[in-house]
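Pasting the structures here.
Two complexes, one shared chain (subunit A), two partners (subunit B, subunit C).
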Partner chain A sequence: MRNFNIQRIRKMAGAIGNPLGNKIASSGLYILLMVIVVGILAPMIAPHDPLAVNLTAKLLPPSLEYPLGTDQMGRCVFSRIISGTMASLVMPLTAMALILLIGMPLGVIAGYYGGVFDRIIMVVVNTMLSFPNLLLAIVLTGFLGPGTLHILLAVVAVWWAKYTRIVRGMTLSLKEKPYVKASRGCGSSDVWLMFRHIVPGTVPTVLVFSALDVGRMILAISGLAFLGLGVAPPSPEWGAMLSDGRHYLQTAPRLLLSPGLAILLVMAACNLLGEGLRDALDVKR
Partner chain B sequence: MELLQVNGLLKHYGTPTLTESINLSLKQKRRRSSPPALDGVSFTIGKGEAFGLVGESGSGKSTLARLICRMDTPTAGQLLWNGEDITELRGKRLKGFRQHIQMIFQDPVSSLSPYQTVEQAIREPLRNFGLGSRSERDILVQELIKDVGLDPKLASRYPSELSGGQNQRVNIARALVCKPSLVVCDEPLSSLDAPMQTQILTLLARLRDQRALSYLFISHDLLAVQSLCDRIAVMYRGAIVEIFDSSQMSVIHHHPYTKLLLSSILIANPLKRHQWKETETEKDDKATSEEGGCSFYNRCPFGTPLCREVKPQLKLRERGHYAACHELDDTSDL
Partner chain C sequence: MNKALLKRLIWTIPTLLGVTVVTFALVQLMPGDPTDISLRSKGIIPDAVSIAEIRRQMGLDQPLIAQYGAWLNEIFHLRLGLSFQSGLPVTKELALRLPATLRLMGASFAVACILAVPAGIVSAWYKQQHLDHAVRFLSILGASLPHFWIGAMLIYLFCIRTNLLPMMGDGGIMNYIMPSITMAAGMAAVYARMLRAGMLEAIADPHYKAARARGIKQSRLIVQHAIRPALLPFITVIGNSFGYFWGSSIIVEAIFSWPGVGRLMIDAIFNRDYPVIQAITLLTAACVIVVNLAVDLIYYWLDPRIRAEGGRYEEL
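The block that comes next holds the complex of A and B.
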């Protein structure tokens, strides 16, 4: 009886510490949740206005008043980092949602029906995939001009093809499963078969890939911001902060380190979540 | 009026377009393409009749089942449902017709979607055919779950949480929920253990009486088929070689292949065992059905030169008994 209780307590503790049934995935999830909470609470937590310029207090070292010091314009780096969370994290997540919204249906339809539609889609997909991701995004933003919306569009345009391809491939094998055929024999329509029986089968794989890709997207968006193709200057964004800080590499390397470490943390969390999910859901590359 | 009439059903797999594109004579084409999965199968199933189909693996039983359920289209031949041609049905009319013929599959687990609960799976045909209101569907599903011998508590479980036998009961419930006239059972017993086979067999027999169902029951277990079915057809290499009433099973002169199947039934009493065993006959392997002779010639102990040259036709031997064999021609002459 006593043993049983201990086991139950352990199990409950395990469920709290390990909600995804995989320690790696759970740690990634917790880091991401923490970052998101900080991002949401940023206006309350931030000690200073992230946009307030104070030229008398520029390039100050870390202190109690400015936990991570100030930048070349005298703005509080800590406040800017946590205020930049939403821009740096929400954008990739939105982009991912859009990508799945476009990529998955196209992939399922192409794989399910085959034929001319499939060929046309696959030609477009293969063309998109033959360009290096970041390069294409740079070209697109260069073409559209900088701005949050344009970055978003560029990232979606670059990434959707990968998901169409993954989902199409899985659809090809899933549509031959006995339960899909059995369901068709019971009178199920094509749309019902696709979205009730085939799409659920693709979700674990897509989930793993999207967790990994959100990390890559954060890096890509920061990269674009670093190149000056991102969020409009005064509003805080990690990539842009990195870019601004590079002139002070020797005098104040913390201006580079702080946003760099923030990016690293979120990317690492995404990778942990992705890799962990892959193990937990037993998805093969 | 027969419920289902099957006329000369032929099914060729492979790539006919490829062979057509190359300029070959008809004879060359036939030689190059693989032998047909179904080679002119004809039979009828009456209302309320249970028709058994036996044969070894690869004899075309499952192909026949899929064609009858219109999950696949025949290369040639005709399917008549209550006298109406259903071979060419497409689109909405095909979808509507599916309500009348339902299928139970060999592997109970993989033929149920892993993303649907028992209740959702059984409800699906009702949703698809637009039968009943929401509350009527609920009642119907609950009744059927009890009727096939499932615990109502299992309704919200997923197939992976159930045993093979329980899953097969779900399959049966799903097949029956839209009140079909004919249920095609494609080896529903072969992935279950022996006690479970008996249970499912009893269940199928009871449901047939309660709901006036017709069955096309496919199996390679002659005893199971005999216990459930009124008539039995034996298939070999895509063709029916014998049809007989199941009451005749132990009294008539069977086709040599049926004898082979009968002798493979395991019987505990050695005195009652059939004596005939398959021997490795040394015959020219190339003399197969493609050359025009009997398809069973290679394995038949009675094979004569006639069997090698002329394909035997399915002929009426006595009341309710048809067989395609030259050897039986001789015995009936005597």
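The block that comes next holds the complex of A and C.
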């Protein structure tokens, strides 16, 4: 009977219900996981082929066969939404990974060494941060032309500077901490100090901002799609669906409603995760 | 004048120069030959002679650095070139469109404040109670809605279903309602959150407890000792939201056919009208830099602690 301990069970249940120690963050995490599972299982769940055109069944209202109706080409909207999940999520997540890969090392090195390199990096960062994200992303994709790779490039080019600035600012204060100085006194190398002692200290803050920014990226990418600068149809993607749907606002507003709600769900999950983590990890700013 | 503030002012110059370099480089990135676009926009079929001629006219036969120098000189004298599309000077086009965008931004800012200030105060005052939860839920919702989606839904509800509001363009005050709500929704959420956090910080501060112990009237306590200190960091957020409003005006103006700079920008991008794109990009970045500088100066003026320590500019 040793394992049958009501307190232990309660604790385990708590860990499952609230893995991040903050209910808001945990609910965001669960929504995101749920969306990802649906995205992975999409080929099995989808009642119809998301690309199958059926012009005899166009713009149908929701029914048992088509839970969210059909679009202007008779494709099943429900199938398209769940099949578009991965396309809509993978791009911002990849972009975020690239941004951290570029932004964090630059920030740590600039903050740690200071000097001329720091000055140059900060001028570049301040320059990039002077352009509103959306404006620069629109100009870049406008010039490069639509396409997944170009959008990815534009998003990374626009967002990396923010992380360099955040990480640099934190490095400046972290490198003066007693434990870093103690490690230096023990003869640790610069690289060890930076990546063993300083980078981990920046992780909570970076985590909060990246959760919030993945959401903002989804928003920006769908905004680009709305302006006609997005991923080329017919591959299902939420932003592109919204962009197609806007021509049917008068006759079939549900074509806008459903991808919008999908974006809202993921955005809300990212915001819950970010805001919850901000409270839980006590990140300021 | 404080040394840190002087440093802050001086470091604005390389940033401004950096902005011109990026704007110049953007056009170099553009696929397609600008001479070709320029000639075609004037209705001339490009051939070898006319291309060589226009290349010389536009200074494209010069090395890149000389081109940049010449362009910088033009910018410095506020000569932003001629629009390929309309043939008018870009400065004139901008002057024509700018007021509409600024009015829309002003209206959106007002809407965001009207929504956020009471919400933030209530949320902080009733911390962890139902009202606070409701405000926080609404603010996460507001920050999660795509602009064009809010816009499209508003158009559907108030124009298509009920015909209560005018759908497009810049006319009377009714025309401002939908675009400004669309633009303000995301920012209102940020404002409310900042105000709540600032007030909670002020309430946790010893000076607040001291004021309460002195027995100050509650209304005065809230306004003077909880809201007032929370307004200072608010200025930074307002500065930051300038860039956000400017960026989102591109999408909002596209939805509501608002005759502002955002629409000019979109038209320019689709027509590869690069003098216009260049001018708007440059103007935007310059405005953002000036606004941020103004925010820092206001801070300097308002907060005696900064005047003493110069702490805020240490990062530079």
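Note that in this section the second predicted complex is superposed on the first by the 279 of 285 C-alpha atoms of A that agree within 3 Å, B and C clash if a C-alpha of one lies under 4 Å from a C-alpha of the other, contacts with A are read in each partner's own complex, and residues count from 1 in each chain.
Everything below uses one rule, namely that a residue touches a chain if its C-beta (ideal position, glycine included) is under 8 Å from a C-beta of that chain, and two chains touch if they have at least 3 such contacts.
These numbers come from a predicted model, not from an experiment.
Asker: Check subunit A with both subunit B and subunit C modelled on it and let me know: fit or clash.
Answerer: With subunit A as the common anchor, subunit B and subunit C both fit in the superposed model.
Asker: Touching A:260 in the superposition: subunit B (first), subunit C (second), both, neither?
Answerer: Touch status of A:260: second partner only.
Asker: Hey, in the superposed model, what angle do you get at subunit A between subunit B and subunit C, Cα centres, nearest 10 degrees?
Answerer: An angle of 90 degrees, rounded.
Asker: Identify the partner contact of A:275: answer first if only subunit B is touched, second if only subunit C is, both if each is, neither if none is.
Answerer: After superposition on chain A, A:275 lies in contact with subunit C alone.
Asker: Look at A:200 in the shared chain and tell me whether it touches subunit B only, subunit C only, both, or neither; answer first, second, both or neither.
Answerer: The answer is first: A:200 touches subunit B but not subunit C.
Asker: So in the superposed three-chain picture, is A:184 touching just subunit B, just subunit C, both, or none of them (first/second/both/neither)?
Answerer: The answer is first: A:184 touches subunit B but not subunit C.
Asker: Should A:127 be classified as contacting the first partner (subunit B), the second (subunit C), both, or neither?
Answerer: second
Asker: Is A:143 in contact with subunit B, with subunit C, with both, or with neither (first, second, both, neither)?
Answerer: second
Asker: As a test of reading the superposition: which chain, subunit B or subunit C, is in touch with more residues of subunit A?
Answerer: C
Asker: Applying the document's definition of touch, where does A:117 land relative to subunit B and subunit C: first, second, both, or neither?
Answerer: neither
Asker: After superposing the two complexes on chain A, what is the shortest C-alpha distance between subunit B and subunit C, in Å?
Answerer: In this superposition, no C-alpha atom of subunit B lies closer than 12 Å to one of subunit C.
Asker: Pick out the shared contact residues on subunit A: the ones touching subunit B in one complex and subunit C in the other.
Answerer: none
Asker: Considering the complex alone, what residue numbers of subunit C touch subunit A?
Answerer: 11, 14-15, 18-19, 21-22, 26, 29-31, 140-141, 143-149, 152-153, 155-156, 160, 193, 243-244, 246-248, 250-251, 254, 265-266, 269-270, 277, 280-281, 284-286, 288-289, 315-316
Asker: Within the complex, which stretch of subunit A touches subunit B?
Answerer: Those in contact with subunit B are residues 177-189, 192, 196-197, 200-201.
Asker: Could you please specify the touching residues of subunit A with respect to subunit C in the complex?
Answerer: Residues 122-124, 126-128, 130-136, 138-140, 142-145, 169, 172, 215, 219, 222-223, 226-229, 242, 246, 249-250, 253, 256-257, 260, 263-264, 267-268, 270-272, 275 of subunit A touch subunit C in their complex.
Asker: Please output the residues of subunit B touching subunit A within their complex, sorted ascending.
Answerer: For subunit B paired with subunit A, touching residues are 69, 71, 95-96, 98-99, 102-103, 105, 107, 110-116, 124-125, 128-129, 171, 174-175, 178.
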